[in-house]
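Dumping the structure here so I can ask a few things about it.
As written, the chain order gives the labels A, B, C and D, with residue 1 at the start of each chain.
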Amino acid sequence: MHHALTSFTAPFTASGRAALVPPPPWHYAGWLCNVAVSCDTANSPSVVPSGLGRLTGAGCVHFADWQATTDGRELLDPVYAQYRETIIIVEIERPDGTLANFCPFIWVDQDISLMRGLLQGWPKKFGSTFLTRSLPIEHAAAAPLRAGTRLGASLCVKDRRLVEAELALTGNPGRPLGFLANKTIGTVGWPDLAKAGQPPHLRWLLPDIQDKVTSDWHEATAEIRVLDHPVEELSLLGDVQAQAASVGWIGITINGVRELAG
Amino acid sequence: MHHALTSFTAPFTASGRAALVPPPPWHYAGWLCNVAVSCDTANSPSVVPSGLGRLTGAGCVHFADWQATTDGRELLDPVYAQYRETIIIVEIERPDGTLANFCPFIWVDQDISLMRGLLQGWPKKFGSTFLTRSLPIEHAAAAPLRAGTRLGASLCVKDRRLVEAELALTGNPGRPLGFLANKTIGTVGWPDLAKAGQPPHLRWLLPDIQDKVTSDWHEATAEIRVLDHPVEELSLLGDVQAQAASVGWIGITINGVRELAG
Amino acid sequence: MHHALTSFTAPFTASGRAALVPPPPWHYAGWLCNVAVSCDTANSPSVVPSGLGRLTGAGCVHFADWQATTDGRELLDPVYAQYRETIIIVEIERPDGTLANFCPFIWVDQDISLMRGLLQGWPKKFGSTFLTRSLPIEHAAAAPLRAGTRLGASLCVKDRRLVEAELALTGNPGRPLGFLANKTIGTVGWPDLAKAGQPPHLRWLLPDIQDKVTSDWHEATAEIRVLDHPVEELSLLGDVQAQAASVGWIGITINGVRELAG
Amino acid sequence: MHHALTSFTAPFTASGRAALVPPPPWHYAGWLCNVAVSCDTANSPSVVPSGLGRLTGAGCVHFADWQATTDGRELLDPVYAQYRETIIIVEIERPDGTLANFCPFIWVDQDISLMRGLLQGWPKKFGSTFLTRSLPIEHAAAAPLRAGTRLGASLCVKDRRLVEAELALTGNPGRPLGFLANKTIGTVGWPDLAKAGQPPHLRWLLPDIQDKVTSDWHEATAEIRVLDHPVEELSLLGDVQAQAASVGWIGITINGVRELAG
């Protein structure tokens, strides 16, 4: 069947102008609060595909306040550019003994980012993320980047708070954590409604990162709390405890992905 | 590669509890304002895949206020059940001369419905829909089902109003319109980021409707207005004029889909 | 100082067209889930002004899905008409021994209703309310009005769930409960920023109800749960237990208020 | 009548913990895009109280992305701290010939800020504001503070876009504009529902600013567009044209207000 409706994603039109997501490259820049955590490994087979690896007990919760653009147009109409999300990263040991990151859960507040993430293997659903921003002025409401500044972050999914964190800057340099520190494997799979009872075929992807810049990272101490939820399964990670934290800005450009051999 | 993460959709866990969308059957019930419209056919090849058919110049705009559930649990926690959407239906003539419906554009306000729709071939993006409800009491704010009652409906996409309609009930019986009156063909396709430059392979689906009930439909006169939008492509339908309208309630259960031969 | 900017509320312009709230009459119609509750009376002086009365230990939680209009225009542009709210009603014994209702807490999701409520003495803040709707069709997602139908309702304030309820219809006639069954005293007071340290002068109001119609009420059994919250003070009511429940539709018109003698 | 429910605003409890707004001091810090504009003066009496002054034809549109806190607690739970708003400022000539700012219209997206603003004389209603942020990294999505960077801003009120602006940084130092450059007179008035037909008594206030810090301001060129709206009255300012623009950060603390002599 011939057609020329070549939109990258739905809706499918000749111009592709209305497509929810245009093709890469995708440029992202944002403010991040990163909380490295320890977690339980007992439920590893329920969270990480068995062929992909197993939980090491390390991970990271990122709270992110993003701007994304393709050719710059979204920065001129920022309802298209801005969104916030909470990213759960777990460290896994691959069958070959190497370490990688894996994202079992992530929640975002914008449709464009939801779809763009799913295409890359970030298993996005909707959630409401808030994180304190640090502004470059010395004022009681500005949370400036210096020792003693305190910041908060939270995630709410379907009208229930799921994660909350508090951070206090130490004044020391910080480290990149979580997906900022190692490659992160994504999982893509779409069920086919025409084939009842068949789970989606899952594929694993690695991003093709074209451009990455960061500000300095600023160290923080942190406390984090995961709350019960009747639908979300973050509890599969058991007792989650903050181990380190940092805040700062990152810019990253994604050009595509490559598939991991199965 | 072996694994047992059989979630129907992301995120992928052993139990599937957190999956954004559980597998069908999906039960929907809602209040609908239906505005049958005429539209231009000049841009047919830009809206309808050429192999699938061509615009006849008839169509329908549905404003819908839904509840959806799988096994009933969503009705006990209705943040999971309720959403609103605006559905654009165009009538097409198939290559074999038969008539069918096709959905080029649709906007919804909930993540679950977004994904469930995409799997069925409804090309959903986010938008904000409002529609007056008719309540079964005689009061100035209740819009009761009788001659003279006036109702409104609107769609806003990315902070810009895109469609608005006004209806006035005539007191006469109405007709099912749009997707209520004929089968609607859906379009599914997912781009593969690992294959740069390749548009998604599109497939056409017909829903497997298991159960369908409606209230009486109530006739209305209507005016509808499509506004300019820098991203959305509803303008491909040219001059859109209301031809008929009805309001009422429908319940429908979707069990799956079957694929149209290509 | 002379001026002719006679808007009923801000913003103040000559025409008053943009005023957040136009003057009464205000017509409301909505779908309500009412859960009569028992509560503790120990904190009565912290919730009810001492001169006004004291808690009896009875009360009601209403989940409401409203349409409101002035002259009908809001029903043609329903983004102006529709909102949802959760209303806490406590029964109080007045100093003269009579019983009345009092509203210590209420949360709504629309600015117009927030202000209109504050003017009448409903102490509104923002919150997200969901409640299952009953549609007049027999379908798995329609929650029809018959024995065995189950419905849910919830309130979330600042990204934390605060109240959730489950109801099951008994098939028997129900009763009007809470503010549907007795007059409700409102509290109005505005702090004056020009007078530092002075709490607002509180006044008590009774609504002037011009028109009230209801559907039949339908009896339900119910369970209700109040969750901890770091800011909200619903916990002042102690252990809240469902005692009775009903669902149905109401239309009401408010013409103004009259002040209770202090 | 005695009572000890001394909340600053509703709801009124003994502790005041749940009050929508705690008493000042209020600390604000935010990122601002400021577009100085020219406007028509023909409708001055419809926008500015006649005793207060008259339009000079100068003004400013501010798009602001704020954090606000009282004692720091909101920065640890930022759903309480963060909001965005669009502020319309007009310059007026007072009866004594001096110049001042006046705010006829303002739209915000958070209940706390709505009420805190109304108490100070900012006539707030709800609206959705977006503005591009400048992040301190050199990246395609970061809109860094240097010549050539382009930013956008928009306001949507009740699902209709009302204002949109585009800015381009020149690389030159910028100036404080609008409310950043001169004192701004606020208008407070609350209708009394017990007194039908009586418009609210309006009072004029000047803020008591305790602490004010800014970053450098960065100059921009700008274009701004005001769109038609069936309810909002920004059209009273006639043809609005950008004259100058700047971006930067400000921190400000409000301690209270003083009343202008009538």
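The definition used in the following text is that a residue touches a chain if its C-beta (ideal position, glycine included) is under 8 Å from a C-beta of that chain, and two chains touch if they have at least 3 such contacts.
Please read these numbers as outputs of a predicted model, since none were measured by experiment.
Number of steps on the shortest path from subunit B to subunit D, with steps defined by chain touch: 1.
In the Cα superposition of subunit C onto subunit D, the rotation angle, rounded to steps of 5, is 180 degrees.
Residues touching across the subunit A-subunit C interface largely coincide between the two copies, over half of the numbers being common to both. Ranked by how far their CA centres sit from the centre of subunit B, the chains are topped by D.
Note: centroid distance subunit B to subunit C, computed from Cα atoms, is 33 Å. Between the Cα centres of subunit A and subunit C there is a gap of 39 Å. In subunit B, the residues that reach two or more other chains under the touch definition are 77, 79, 128, 130, 154, 156, 159. Of all the residues in subunit D, the ones that touch subunit B in their complex are 128, 130, 154, 156, 159-161. For subunit C in complex with subunit B, the touching residues are 27-31, 66-69, 72, 75-79, 81-82, 128, 130-133, 135-143, 150-154, 156, 164, 166, 211, 213-215, 249-253. For subunit A in complex with subunit B, the residues that touch the partner chain are 1-15, 17-18, 20, 23-24, 45-47, 49-52, 77, 79-80, 104-106, 110-111, 114, 118-120, 123-126, 158-159, 187-191, 193-194, 196-197, 199-200, 202-203, 205, 230-233, 236, 256-259, 262.
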